[in-house]
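What follows is a set of structures to go through.
There are two complexes below, and they share subunit A, which is joined by subunit B in the first and by subunit C in the second.
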Partner chain A sequence: MAKITFITTGKETITLEGTSGSVMQLAVDNNVPGIDGDCGGVCSCATCHVHVAKEHLAKTGKASEIESDMLELDDHVNEYSRLCCQLEINEELDGVVLQVAESE
Partner chain B sequence: MKKSALPDSFEKARVETGIGNMDDQNDPVQMVLGLKDVRKCAHNWKTFQSGAEPGRIVVPSEVAIRKIRQIPFEVDPPEHKDYRSLVEPWFKRPLEDDYKAALTAQIEAIVDEMLTKDEVEVVEDFSLRLQSRALTLLLNTNYEEALTWISWGTHVFRSEGEALDGSKANILYDYIDQQINKARKKPGADLYSMLLSAEVNGKKMTHDEVKGVMILTFAGGRDTVINAVTNSIAYFAEHPESLDKINNEPEITGKAVEEFIRYFSPLTHMGRVATQDTQVCEHAVKADTRISLCWASANRDERVFENPNEIVLDRKTNPHVAFGFGTHNCLGATHARQIMNILLATLSKKVKSIEIVDHKDNIEDLDQFKRKVGFHSLNVKFNVR
Partner chain C sequence: MSNESTKNKICVVIGASHAGVNFAFSLRKEGWEGAIILFDKDPILPYHRPPLSKAYLTSEDGIDKNLLKAKESYEKDAITLDLGTTINAINREEKTVILNNGKSQAYDKLVIATGARPIIPPIPGIDTATNLYPLRTAQDVENIRKAFNASSKKRVIIIGGGYIGLETAASIKKLGGTVTVLEREERVLARVTAPEMSSFFQDLHAKNGVDILTRKNVVSIETTNNTNIINCGDSSNFEADIIIVGVGIRVNTELAQEAGITIENGIPVDETACTNDPNIYSIGDCTYHFNPHYERHIRLESVQNAVDQAKVAAASICGKSTIYNTIPWFWSDQYDIKLQMVGLSQGFNQIIIREEESENTKFSIWYFNNDELLAVDGINNAKAYVLGTKFIKGKNKIDKSKLADSSVPFKPANLLVS
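== the complex of A and B ==
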């Protein structure tokens, strides 16, 4: 079980609980604005872009090369960027805070 | 070689130089073949523009058969965003429950119909009809309009054997003019009416701007969807275990859809015009010449995809560019994904196996390369589960 908090671009705070699957799917299933998951979570569309709160980077770990390559060309990428379809829900993620990235 | 296979014709050139060459009506194209290069060029809309002369970024060029600018496809930022923001919510309607239910009913009905027949020619009797019926949902028009579109046959712009057919294109243009005029006289809830009543930057859209959106909508999702559907049938015919896998593990359907679309890459490539002298992969690209973003080659890039020439049904990481990349990525992707998701679910539920009886490959002539993109005809027998 993990508590995951999303902060939308409209500054709304949404806290959800998940047990498994990807963070993207949890967000989409709960209609978190700004997280679309167009490609179903295979790291192909970058519509699940989030910024991990600085203090929680250890919870999420680093992006793979494929994920980084996708993020690199996003206009709103920064050093805290992740595609949350690549974040698997597990206990390590408990308490993480994710800022939904601005879209194009 | 398997009949359902779509070989990667670009491998040698992609590995050796990263660029292919194609002459097209005296407006040559340097084809960008590697995934990273394709993404970089797609992202760089300033250097590689879409807002060139109408028809020029399509390969083969449509400059000779069309004066209308396709919108938002042939518009650069910043104007691009205004048009895109207008149509994007409409093209996301396939996510709605009503839409999904209507599309499911259509696809189940046509699959059921095929299962009553002894033998089926998939391209004309299944894929074209499925694509056209589904399009009535996207346009939110009367179901009967599909009959007109089906009567045009599989190639809107091209007759079999010819790359471009101006007189066939005029059939589409005249039809769209008629529909726009009809909607102007009697507004409804269809896409024509939505566009006519909308404002972009405080101004109503002109007839030609509405026409530009509609030509794109018809042209963009015709051959591509038809090929994706037909290729899926061919694949299942030669891999019956995959029908069972999807039936037993329906949760992989979404991944299977993305993997089919990656492997089929129904849109082989799309052009851009260089706005300044530049280079790609150490090859000079002069200003006012064309490159193309070769999605089909990028999607088989061995540096990115493991076993790139295999369909791995549950491929977990799949950074394909079959729907393009960047600001002009495919507006029809939501609708196309929905069609494919429902098609795969329906086939896996109802069909046990498929037998290919006859086939005629559809091979694109790309000068340096010849690429199989699908079938001109595919005769099969379906066996019910």
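== the complex of A and C ==
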């Protein structure tokens, strides 16, 4: 079980609980605005872009090469960027805060 | 159109797959306050189609792991899902749709997102073949899985060497089947990629134990005691326990046509996804639309087109000024290869192949029409895909010799001609 908090571009805070699956799926299932997951979570579209709160980077780990490359599609990419379809929900993610990236 | 004026209006959507579902949620997001009713003849909660030939086929998961949206999401946004219902007709004068149970549903705005259906070619013997399936719906995959599990010899013949055929071949091979692909043309993916890419996929499948046989035109199928014999025009024949047909789709335009909308390679729509009836929009696989970047009309069979056109239709119905203008993109996963494609390569007169230094397969094919970059295919090469996307959008001029040279670091500064 992990509590994951999303901060939307509209400054709304949404905290969700998940047990399994990807963070993107959790967001999409709960209509979190700004997280679309158009490709269904296979790292092929970059519409699930989040910025991990600095203090939680250790919880999420680093992006893979393909994920880092795909993130470059988005002008709002920075060192805290992740595609949340690549974040699997598990206990380590409990308490993580994710800022939804601005859309193009 | 102000928010207030949509409160008592009804938007009806025919088709609840990628286009229809994304449209419904986008419409709500754009401020539509009235009813949104989504119809689909498939009784299952709307699901992602790409995994059907990939991870869904190879896993034992139920379709509930591949839903487009959770059931609760529709309720939260007050989107009515009417599943397992076929729309029989559209009455444009009365602005109603007629359901297969005889009832009618009024609309203020109608969106046709009927998509396409797989072609089952009129091959003699195809109707009496055993375990013959297309691959378009979750039910198709259920049927394939069941037949595969029940088969002792697991000899699977796939008719068609397009994306569906190739992905399915990889998946069935992963499950332990003996797979052969029969492609009618002289190479696979002939319509959409360069010959070099066709060869790459031919070799990839061969390395994985799947035979891809080209120039094989299936002329008849004979079935005795649950074994099929597929006969080809060159007199070769193949035994199959299971046959999967992936030879393309037919666009579902009948409803629109019967309602008096002129059909041309699909349902024609303008840059706001509107048909020539101001109250009827159309989105997704079934539309024929103008692409401003490539300056021609196209019909696209892709998730990207469905999703992006849905957003444009939703915005325009809510009175926002927006036009459909994107660079098409696509992906295909087979074995450990991820193919990502951006742009439309038709009309290319030159390709540049860039091979990356890597222990694994990693390269890209860049399609040019003289100096104009039309499209990029990346194999395990997201960087090429992303750079290609940026360069195509920006209509950038590229230094082709540096592009071809993988010792030149893969950055815009190094590759663009200023």
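Note that the second predicted complex is superposed on the first by the 104 of 104 C-alpha atoms of A that agree within 3 Å, B and C clash if a C-alpha of one lies under 4 Å from a C-alpha of the other, contacts with A are read in each partner's own complex, and residues count from 1 in each chain.
The working rule: a contact is a pair of C-beta atoms (placed from the backbone, for glycine too) under 8 Å apart; a residue touches a chain by one contact, two chains touch by 3 or more.
In this text, all values refer to a predicted model and were calculated from it rather than measured experimentally.
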Partner chain(s) touched by A:T9 [first = subunit B, second = subunit C, both, neither]: neither
Touched partner set for A:M70, first subunit B, second subunit C, both or neither: both
First (subunit B), second (subunit C), both or neither touched by A:N90: neither
Larger contact residue set on subunit A - subunit B or subunit C: C
Which of subunit B and subunit C A:N78 touches, first, second, both or neither: neither
Touching partner for A:V28 - first (subunit B), second (subunit C), both, neither: second
Which superposed partner A:C39 touches (first subunit B, second subunit C, both, neither): both
Contacts on subunit A seen with subunit B and repeated with subunit C across the two complexes: 38-40, 42-45, 66, 69-70, 73
Of subunit B, residues touching subunit A in the complex: 36, 39-40, 43, 254-255, 257-258, 304, 315-321, 323, 325-327, 329, 333-334, 337
In the complex, subunit A residues that touch subunit C: 21, 28-31, 33, 36, 38-40, 42-45, 65-66, 69-70, 72-73
Interface residues, subunit C side, partner subunit A - complex: 25, 29, 48, 50-51, 65-66, 69-70, 72-73, 76-77, 303-304, 307, 329, 331, 333, 338, 340, 380, 382-383, 385-386, 389-390
Complex contacts: residues of subunit A adjacent to subunit B: 38-45, 64, 66, 69-70, 73, 86, 104
